[in-house]
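Same chain, two partners: subunit A is paired with subunit B first, then with subunit C.
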Partner chain A sequence: MPDLLALVVQQSINGIYLGCLYVMVALGLTLIYGVLNQINFAHADFVTVGAFTAFFTATRFATKVLGLPDTGGYLLSLVAALGAGALLGLAVNAAVFAPLRRRGTDELRPLIATIGVSVLIENGQLALFGPIPYQFDSPLARETLRVGRIFVSAQSLLVMAVSVAAIAALYAFMRFTFIGKALRAVAQDRETAGLMGINPNLVIALTIVIASALAGMAGALLGPVVVLTPFTGATLIVKAFAIVIIGGFGNMEGTIMAGLLVGVIEAFTVQYLGSGLIDLVVFAMLLTMLVVRPTGLIAERKEENV
Partner chain B sequence: MTSRRVAIGVAILAIAAAPWLLGTPYWRGILVLGAMNVLLALSLNLVIGYTGQLNLGQSAFFGIGAYVSTILIKTYGWNFWLAGLAAVLAAGLLGLALAAFAVRLRGHYLAIASLGFAVITYQVLLNWEDVTEGVRGIYGILPPVPSTAGLFYVVAGIALAVYLLLDNLIRSPIGDTLRAIREDEVSAASLGINRAVWKAFAFGLGAAIAGLAGVFYPGFVGTLVPDAFGIIESFTMMAMVIVGGMGTMIGPVIGAIVLTFLPELLRGFGELRLMIYGLALMLVVLFMPGGMVQAWNALRRRMS
Partner chain C sequence: MKNALKPVVVALACTAAAAGAPFAAQAQDKVIRVGVLMPISGPGSYFGVMGKEGIELALERVAKTDLNGHRLQVQFEDSACSPLQATNTVKRILEQFRPHIVIGEECSDASLAIAPILEQAKVVQLNAGSVTMKLTESGYKYVFRIFPNAEQQSLPLAKVAYEKLGARTAVILHEKTNAGNDNADGFEKPFVKLGGKVLAKIDFGRDVNDFTAIATRIASLGKVDVLPTFALEGQQVRLSQALAQARVVKGGGGNAVQMGSIWLPWGYDQKAGPASIGYVRIVQFDPTEKRNIVQDFIKAFKAKYGADKTPTHINAHAYDTILLVAEAVRRGAKDSESIREQFSKLKNFEVTTGRITFDRKGQNSDLSVVHFVETQKDFSWKGMSWR
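And then the complex of A and B:
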């Protein structure tokens, strides 16, 4: 039996590692939804842009131009990806969300416009980078920690550490800073928050930038894990939606739980059913959830939704 | 009514003349593609334009139409038209399955559910290799009529017939019912409209029409792979509907034709085709929410 136990522990660790990445992506979607009640369909494409930014920073700029060691170059690429995500967030807010909000919009027009943004980014990347998958080797993936029969790569430890730190920072920001409080106020009631002297436009812009920066950095962490092509975001976005729905739209705790859950389920699906069936399993879960419990895993505490 | 008859006459003449104006095999192929896109745009417009249900899963029905008809023909030796009929019915039934979600869900939730639905359909086509051949694809599929011009006449004729059918439907009380659901579901229900039945009707009919377009696709291309029915196809259909003018009859037709031909004129730029679709989708939603029909009406008002 220790074989089976080791396998289960190993796959759980792999699943949590993957889940941490999903949480970073899905949290941004849920954050934007919570504050704005709108969906940024291009969100996962920000992840891909982040991944490509990190790739070129780590393999070209940092090591070749700055002469940094591999690990230092990779860590720098995380920051570059974060910045790229933040810039994209600024851009999509200025180009799509802000103008549509000014003119008054239904809930679906921003979704359709950002589908356009998504198609544009993906095919723009295809024109720039070509269809062949990029081999993004993280120097940390080579270092492996071995405990008995369990193997943990330094890359996965970094992913878990960074995502836990990012989530903790996000929580601290929301709870303890004035801007975080303003953000929650806008999420609860935009008009009343506006009457209290909060500038909702600024808060919304900030939310989108934070969410997009998270997505960009997730790209740098995800790049070495997935097959990196211009269309990585297209497969990721549907999974991120599944997580957000399973967790309850706009519910941060639910999203975190659902992200980890999907990661673990995915790891075991690969182990027992084959990798071809991952999407089938995840989306069967999504559709079941929509029919049985469209409000998500933990929906009772609605007043805390952000 | 007479102006409508004139319009139908002009449409028939245009269809008849098109393969002679664009005489090369390449351009005739683009014409067939255009006619198929018109069918797809009409099918999606019924659901999102007239019934107000944001459906991102239309590519699934296109794919089901293509796969069911091809498998019936290649594996079971059915006659093309019989297999096509069965495929249209299969797509329509699958549309009813998606409608089951639409009855319970609205707005964003429906959009995502339909997206998941399309992904699952795509994954089934990819993984059920015993039946669909998966990524290997099905090869050597013959069109129902040998010449490209002939195929264009068949598909364009069907598209015209479907247009007229939908046009009559939209003018009938059924059209009012669908529009009532679009404008305000709760008020529609309070007027005694059975939302579940009419949503199922729109999804089922829309899916059947998309399936009908799918029936002609494999013979036209000659091969069949699941990648032809990824969710990007749902987005290109949506681009056609929205660029042309959602919720009008003629808008999606114009959108489909423009977005089929415009990228062809810019050939040689490779990936530009889909970039144009993406950009068009974004710009039209931002600056011209009523699409080309709205722009045309505004222009005409300014002239007069």
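And then the complex of A and C:
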């Protein structure tokens, strides 16, 4: 394979892989916004919780208590992180978001509440786990598949496979199940959906649980890739917001496209412009999108989102 | 109304009494007040946590010795590796705690932010974690640093790369901070002067997590002999692993040698795994060193914090700062000005990280603190006799 072609293929793979990671983080954000019209600043911290859950499941529980092999332990940790994210979402909704909704406060208070939840989770994890970076090694990250000059780690393949599976499952759930349709109905018009016999509070709780579960699983996928500290999520949230805005706030398909696009653009920015310019390029793209096409990559009617 | 106000008046009186209490106590004792500014929260908080461990251990040891009738009173403050928070914090402690000396900060940007404030207040700043040249090159009279600056770290790296490793091409990797930039420049200039060629200087923010694209780019640059890297431990682990995956470095079957400096604590090699094999770096605190002061420190550290914990250079540097303050007091220092005078006179003072002699700019000029190690296949260090 010629040098240039190999390089383009390699950076495209790197970019798609990175994009899949971003999509996994950003999907929950867009889902919550689509249904609740609410920005969740704590979302990235749910990712961190998922990463720590996966770390302790894989390195302590699965291998040492259950005696599973490393790969089995890591795969189990994905499920554990999914569950931890779901439980955390359930708890935060019951303790913070639901009471605020019941009081019918303005839009600002729930927004500030999500900042409070974020700070609480970060500092809670700091107290529990300490500030020193954890080394979360997935056995899959050590396996590298090579075809000619192209390489990809088994961990990257897993990230891409799980992302595709999660997106497909979520899409099918939203389009073809009764609960998914109820969720979309609440996104379109909460009051009318209530009149149709749908319990909006239940649907909202379910949305938060699904989004948080996705965040938890994203954490398990990210853990072996990133520098794992209680603040890992904070390094991702700004990029995730950019992706959600570029894709169109609340638009799932747009978020997926934007995530992949940002990942690929980042990889080629590193190659041809310099890694120090990544944020400049991504946020210039974000501003351009806000000015030229404020509805995002896929312009749909609000009710078509989610 | 009077009854309603009564609890408020009592509370205010109690608060005033409590606020005055430390100063009353200070007036009775011969106290040297030491303010410590460390990042206790935020992404750089592991510096602060390790620093606090070192300082607390040193305080216990120093308390058992005679300090000319003085005692050290330490106040820890969280400055979060942030110039803004460090500035606010230092202003507050200058007003409320009135320190004779301030230890900190760890991050160069925050250290630079507090230096002019302490200079104006004529309070000594003792730094043990910042790299940037600007800290001791700005003409501050009250700044002292025991940490090797960027030039002291990068110059030996460039010489060793060119003369000992036979490197002629380099790609410099560094974080986008004052410290990272200064280290990168500090390597580039002497390396190019010696005849080497820098193929690329690649910088990145602290929020970058995935280094696969960077490793791919380096693999496309042709033959690279050395990769001087200046970043925090977490990012370096991921960077080394990506470079190994792209078969750039020796640890991944490539030819390039990754080089680094005091940014990396003990334990990096185990965390990075096989990717770290062949990594050449400067260390200032080597737990395998046989000097008594080093082994005594390790023994005390394990006794206090757990037998499974090995102190890092961050622990050691923080420990050394208290030893230095105590030595200055032992030699007659009793306030900020006399601490400054004693530091200026200090020569060849032994600490866990080597020996300290401050030059006229307040920089430790004793390069006995810099020595090279190479990571072996079992992730242990092999000491190299390169100077």
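Simple rule for what comes next: the second predicted complex is superposed on the first by the 294 of 306 C-alpha atoms of A that agree within 3 Å, B and C clash if a C-alpha of one lies under 4 Å from a C-alpha of the other, contacts with A are read in each partner's own complex, and residues count from 1 in each chain.
Operating definition for what follows: a contact is a pair of C-beta atoms (placed from the backbone, for glycine too) under 8 Å apart; a residue touches a chain by one contact, two chains touch by 3 or more.
A quick note: this is a predicted structure, and the numbers were derived from the prediction, not measured.
**Student:** Return fit or clash for subunit B versus subunit C, each positioned on subunit A through the superposition.
**Tutor:** Verdict on subunit A: clash between subunit B and subunit C.
**Student:** Going by the contact rule set out at the top, does A:111 touch subunit B (first), subunit C (second), both, or neither?
**Tutor:** It touches subunit B, and subunit C stays clear.
**Student:** Considering only touches as defined above, state whether A:280 meets subunit B (first), subunit C (second), both or neither.
**Tutor:** It touches subunit B, and subunit C stays clear.
**Student:** Quick one: classify A:69 as touching subunit B (first), subunit C (second), both or neither.
**Tutor:** In the superposed model, A:69 contacts neither subunit B nor subunit C.
**Student:** Kindly classify A:100 by the partners it touches after superposition: subunit B alone (first), subunit C alone (second), both, or neither?
**Tutor:** Touch partner of A:100: subunit B, not subunit C.
**Student:** Report for A:144: first if it touches subunit B alone, second if subunit C alone, otherwise both or neither.
**Tutor:** The answer is second: A:144 touches subunit C but not subunit B.
**Student:** Going by the contact rule set out at the top, does A:153 touch subunit B (first), subunit C (second), both, or neither?
**Tutor:** A:153: touches subunit C, not subunit B.
**Student:** Would you mind listing the overlap between the subunit B footprint and the subunit C footprint on subunit A?
**Tutor:** 123, 126, 234, 238, 276, 279
**Student:** Hey, which residues of subunit A end up touching subunit C in the complex?
**Tutor:** Listed in rising order, the residues of subunit A that touch subunit C are 3, 7, 10-11, 14-15, 17-18, 21, 123, 126, 130-133, 135, 137, 141-142, 144, 151, 153, 156, 222, 225-229, 231-232, 234-236, 238-239, 266-267, 270-271, 274-276, 278-279.
**Student:** In the complex formed with subunit B, which residues of subunit A make contact?
**Tutor:** These residues of subunit A touch subunit B: 33, 39, 95-96, 99-100, 107-109, 111-124, 126-127, 234, 238, 241-242, 245, 249, 276-277, 279-280, 283-284, 286-287, 290-291, 294.
**Student:** Quick check on the complex: what are the subunit B residues that touch subunit A?
**Tutor:** Residue list for subunit B touching subunit A: 54, 56, 101, 104-105, 107-109, 111-113, 115-117, 119-120, 123-124, 126-127, 231-232, 235, 238-239, 242, 270-272, 274-275, 277-283, 285-286, 289.
**Student:** Considering the complex alone, what residue numbers of subunit C touch subunit A?
**Tutor:** Those in contact with subunit A are residues 41-43, 45-46, 48-50, 176, 202-210, 212-214, 216-217, 220, 233-235, 237-238, 241, 245-247, 270-271, 273.
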